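Quick one: structure below, then a few questions.
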Amino acid sequence: MTAGRHFLQIPGPSNVPDRILRAMDYPTMDHRGPAFADVGRKALEGMKSIFKTEARVVIYPSSGTGAWEAALVNTLSPGDTVLMYETGHFAALWQKLALKLGLSPVFIDSDWRAGADAARIEEHLRADKAHEIKAVCVVHNETSTGSVTDVAAVRRAMDAANHPALLMVDTISSLASVDYRHDDWGVDVTISGSQKGLMLPPGLSFNAVSAKAMQVSESAALKRSYWSWAEMAGPNDTGYFPYTPATNLLYGLNEAIDMLHEEGLDTVFARHKRHGAAARAAVEAWGLEVLCKKASDRSPVLTAVMVPEGHSADNFRAVTLRNYDMSLGNGLSKVADKVFRIGHLGDFNDLMLIGTLAGVEMGLRDAGVPHRAGGVQAAMDLLGQKFESARAAA
Amino acid sequence: MTAGRHFLQIPGPSNVPDRILRAMDYPTMDHRGPAFADVGRKALEGMKSIFKTEARVVIYPSSGTGAWEAALVNTLSPGDTVLMYETGHFAALWQKLALKLGLSPVFIDSDWRAGADAARIEEHLRADKAHEIKAVCVVHNETSTGSVTDVAAVRRAMDAANHPALLMVDTISSLASVDYRHDDWGVDVTISGSQKGLMLPPGLSFNAVSAKAMQVSESAALKRSYWSWAEMAGPNDTGYFPYTPATNLLYGLNEAIDMLHEEGLDTVFARHKRHGAAARAAVEAWGLEVLCKKASDRSPVLTAVMVPEGHSADNFRAVTLRNYDMSLGNGLSKVADKVFRIGHLGDFNDLMLIGTLAGVEMGLRDAGVPHRAGGVQAAMDLLGQKFESARAAA
Amino acid sequence: MTAGRHFLQIPGPSNVPDRILRAMDYPTMDHRGPAFADVGRKALEGMKSIFKTEARVVIYPSSGTGAWEAALVNTLSPGDTVLMYETGHFAALWQKLALKLGLSPVFIDSDWRAGADAARIEEHLRADKAHEIKAVCVVHNETSTGSVTDVAAVRRAMDAANHPALLMVDTISSLASVDYRHDDWGVDVTISGSQKGLMLPPGLSFNAVSAKAMQVSESAALKRSYWSWAEMAGPNDTGYFPYTPATNLLYGLNEAIDMLHEEGLDTVFARHKRHGAAARAAVEAWGLEVLCKKASDRSPVLTAVMVPEGHSADNFRAVTLRNYDMSLGNGLSKVADKVFRIGHLGDFNDLMLIGTLAGVEMGLRDAGVPHRAGGVQAAMDLLGQKFESARAAA
Amino acid sequence: MTAGRHFLQIPGPSNVPDRILRAMDYPTMDHRGPAFADVGRKALEGMKSIFKTEARVVIYPSSGTGAWEAALVNTLSPGDTVLMYETGHFAALWQKLALKLGLSPVFIDSDWRAGADAARIEEHLRADKAHEIKAVCVVHNETSTGSVTDVAAVRRAMDAANHPALLMVDTISSLASVDYRHDDWGVDVTISGSQKGLMLPPGLSFNAVSAKAMQVSESAALKRSYWSWAEMAGPNDTGYFPYTPATNLLYGLNEAIDMLHEEGLDTVFARHKRHGAAARAAVEAWGLEVLCKKASDRSPVLTAVMVPEGHSADNFRAVTLRNYDMSLGNGLSKVADKVFRIGHLGDFNDLMLIGTLAGVEMGLRDAGVPHRAGGVQAAMDLLGQKFESARAAA
């Protein structure tokens, strides 16, 4: 029995706002009845505004992993080559999933300390004269490292190479937190999930599908049924689904879409950027290192922090959980026990961020991880810059 | 704006009890943290007690359709023959799914007016000297028709034919409503979903997997990743999942398991049988016909009622929804507009049933469907039998 | 552990709709902060539309009993004579309360089988040449008997007698269920509570206060602080309260006001009248007697039913609760164990009513109370009349 | 539309935990039915364990103000002298209430910068040879100033003066946050409310009543009905109430009682003391002054901070609300606009406190209130002391 509110500062699932939990706390309805069409249409249309697309959005009752699978099985055939980029643990999981499905991924490796390098993608594409590469797959915000890939640059690289591959982007931890434009950036399949920027519990995943991808899917030979876009398209056009949808999560999704537009997507993005900057200011003040080396690629959604050699990030996390009732993200595979991850995404504000950073700073102290005090103060200073002009004017 | 509580009397999703909705209305937690293990273990272990199995249970964030797919892709190889039985629309959908996955279903047809006939299954198996049939797939409670298949009889038929095929059973609309015994009946894969007898919103599905099925899965060649039992097994053993589970639905599932055991599964089954009998007494009194002809196969979960020739079941349902705010199930494919289905499953009691039957009786009248009055009275008489001995003793 | 939804068919508290429970399930806010003013103003203004008054409404965190006390202590002085009318148990409680506060009630007695008789009130007033009677107090809908008093007739009687007494009306179980008009009917103080027609949990009570009553209160000598209208008036004018209000109940109240206007008050009143008529049709078919003898005074909110001599209403209620999980109202004081009361108010619809009446009919049978079957059928017939013209037209 | 969770840091209502909100979010039940007795008894018995008394506890549907009134009207007669102590605004309100009820309060004045001085009370009592003083009324934790009165010392003073007056203590903002012992300290009437340490929304209030007070009430001549202990006693003995109780708030109360005992009252008290100390460490670091001068009387529940001459506390609060979405308490009457109050009570933990203090520190900066940075750091240092020995041992 601990008092007060748990600080859930993993990089997703993020904190679910009361409005969304309450919207889900309603009787399940008849998913074939006339009233459901409004629910379904609002979700399907609303998600277009979040993906910034005029194309089709598909909603699955599944985790984000399912949406990765859906993107591949709808567009590819056994043995197809896909170009994937190892930005971190989740990119690696997606590559393993491609292997299990019988695809032939080419995996561009990396040290996990930056987003995908569009130039290296371009090299591979230029070398692929026969156009054997059927899809380029990148992770927009790599949740395991806190690095963001410049998707527009990847698109430009593909255009520069004049390569016809599909562009597939995982936005599971970036959608509705980091600026993203499915149509403008020429993405063919965008993958996402409910439990990060959309502020929902886990259980829904998404594909946004370009007209080109939809067409390609007609001849794609991988077997599919549950994930089939073609099955979804008909019922979706009138607001229904081919199998029982996760009704109560859809209630929550519709509330989330409203909330995001009430705050304004640009305001949401700016809020996350400011919090990312404040978190990094704290890390710098502590004298620790952010995992993502490339400044322009640092994530507004989470900050992965390297623990000094000889110290255990997992012990630090356990101490912090025990002493301050805060959950932080762990280092995964390559960086296991070497980094911890601070989630600062979703339904989040300045004082929650300071509470979070204070938990880290006190946890570092309690766990005996070498650092300097002052991180919280540095974050407070940075946050205050927003109000400086108001102060100057006063 | 309608007053009072909507009567959701489709045969699932069923009415979600407040306790379950409220259990889900809690902050999402860290699915990798130490506290989650208790949630995961309770769900995985608890579901064994519902399936009546000592074997492994797998939980997916997906609709029931996903669990159909999971059962097949984990155990079969491309082109494998599966023996399926057309008890109704959902059996037919499962067969179509098998086709899409590249399997070769043999489909035993039927008039949709009874559960699967074990003798016909036995014939097919005896004829299959080469053991090309890799799995026998039946639906326990066919939601489109209201017929129940005697699964123990199917098992006996398979044993009598001395056939090694796997036995797969869809219990999506029967689990936790109709007596079911995964181990006793020698089932290899049981498929189920959250939104019927488990009283949850849709969004979770299940496979219960026998040791034999688990072993078969090692050499099964259909491609799989999201649905892979092997991926689940490791993390599940300590209460975790290989990808983000649908945390809040798991909260609800654990509450549902508690509620079912508090009432007692046998009491739950008896309650459904009594309500099924009362619903059929009403149908008989109305002078209408129950779709399921075979008396022993009639479902305790739902009652599909045939509308007299020349009348529209869908018009009747629309009138009933408009006049009495009650949703009934529609007739599907072969019986579209010819039957309506009354769901009487899940969190349900005598007075809710009478309200439901009254809505049907008044709706028949309002829609001009020929019938005799007195169905509600007949149901009340039947329900009262339970208390007769008490009255006699008094 | 019982399955399904409990039938709460006492004549209040009534069933609280999910929308209202969910509206209350939000964090308590700063009752002195700027955002609260909107909550407070909406509640105070909204309640005027429900009372149909332009005058002041006062909201207390208290039960309805508190609002009775408030009406008296704000307007009267020690020893003042008040004319009260014994329509039933609650009128008698109000009279006892007046005695405890040091007032001198004149209590017009009755057999509890009708609303207040305006002619008898007029007699008393005409006889009171010295105008010693300072207030006339009647109960609009007597919850213990199911009789309604014609308040407009009482007003006319007072006017005919040319008597200056204040008119005070208890609408605890009628407001928002039975047509009521504070201003049109010249009422000085209307008393009400949250847990009946307003569909809220108990905990809020109300006074609607005419300008005359407000003026009278300035010289009223009964001591008061918590209940003081004068204390409320100032803060209320800007949406605030002089002490911490019951914030979360106010959230629910605002939702209730919205719901009532969405359905339309006239539609709400008509719904209750139709349900009252259907309940009485059932009682008649059972061969039982409604407590309220005067047809025009029978309540749309509840029906009190007399149990045949030699039978126990309380035993019947206990049996019904045990067998069918339905709570009915008991007979109070004079009619203890002789009547039971069926509540059919608040958030209620046709199928809930039929379920309720079925519970009564089956309970009568199980408890061995002599009656004829057919009450439910009679109610169904009456309810169907609403749709007859549609059927005729079809 | 603001993102993230509002920081409600007024000194009550405090943050309501999800468990309590969810416990309240259940259908209202029959308050006269057999199941209610368990709810009522649990609440009435449970509150004894919180007040630390074997005597009777009375629960009102009302604000805390109502419980003040109840204490007086049950025990006193018109014109009775009561000795009250002006520890701050709320003590003054209670005194005004006594005046309105026709009592004769003797009011010991103070500068609002300490708890009640037992010595001064003793002087008054010693001087009252005729025992005209019928009650001594003190506020345990004065919410307007953040000072705590040593109630045991007051009891000792009364005993030393050998004075028979009743001892009445307002614990509205201390109960379940600051150690309190109704029986041990010989208190006759303890007053409390639901919305502070009990973590509920406002709407319930309490009297704990000694046997002596109960006896005195028999001859007390102030008029009462709603507040009458005698009316409550009978029904309460079996778990019921004389009028409709605030059922859903009682559900929440029972959950709160469970939560307090799960954490342990002593742990709860220690948590509040530590947070009070941390808050004061921050104030000291800012170079600001705590309103309560006497160190031993400083409240673990809230900290009232004086703003430097020439600066507006209310402007600071408005800026903090606008920039950081945090509500702070305002200065009341004598100290209006001169102090702000930080609530750190109820369901609260270290990181919430740091977020709160960060909001204050950043708000001071944004509002241009002279202060030194470093308050948050000082609080973090103090909070860390708890874990020092663990660190030393590691």
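As written, the chain order gives the labels A, B, C and D, with residue 1 at the start of each chain.
Basically, a residue touches a chain if its C-beta (ideal position, glycine included) is under 8 Å from a C-beta of that chain, and two chains touch if they have at least 3 such contacts.
Please read these numbers as outputs of a predicted model, since none were measured by experiment.
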item: Chain labels contacting subunit B and also subunit C; value: A, D
item: Centroid-based (C-alpha) most distant chain relative to subunit A; value: C
item: Between the pairs A-C and C-D, the one where more C-beta pairs touch; value: C-D
item: Between subunit A and subunit C, centroid-to-centroid distance (C-alpha), Å; value: 54
item: Where subunit A and subunit D are represented by their mean Cα positions, the distance between them in whole Å; value: 45
item: Interchain centroid distance [CA atoms averaged], subunit C/subunit D, Å; value: 35
item: Overlap residues in subunit B, where contacts from two or more other chains coincide; value: 5, 15, 22, 25-27
item: List of subunit C residues in touch with subunit B within their complex; value: 1-5, 7, 15, 17, 25, 259, 262-263, 268, 271, 323-326, 347-352, 354-356, 358-359, 361-362, 365-366, 368, 373-374, 376-377, 380, 383-384, 386-387, 390-391, 394
item: List of subunit B residues in touch with subunit D within their complex; value: 18, 22, 25-27
item: Complex contact set, residues of subunit A against subunit B; value: 5-6, 8, 10, 12-16, 21-22, 24-34, 60-66, 69, 96-97, 100-102, 193, 195, 201-203, 222-226, 228, 242-249, 321, 327, 329-330
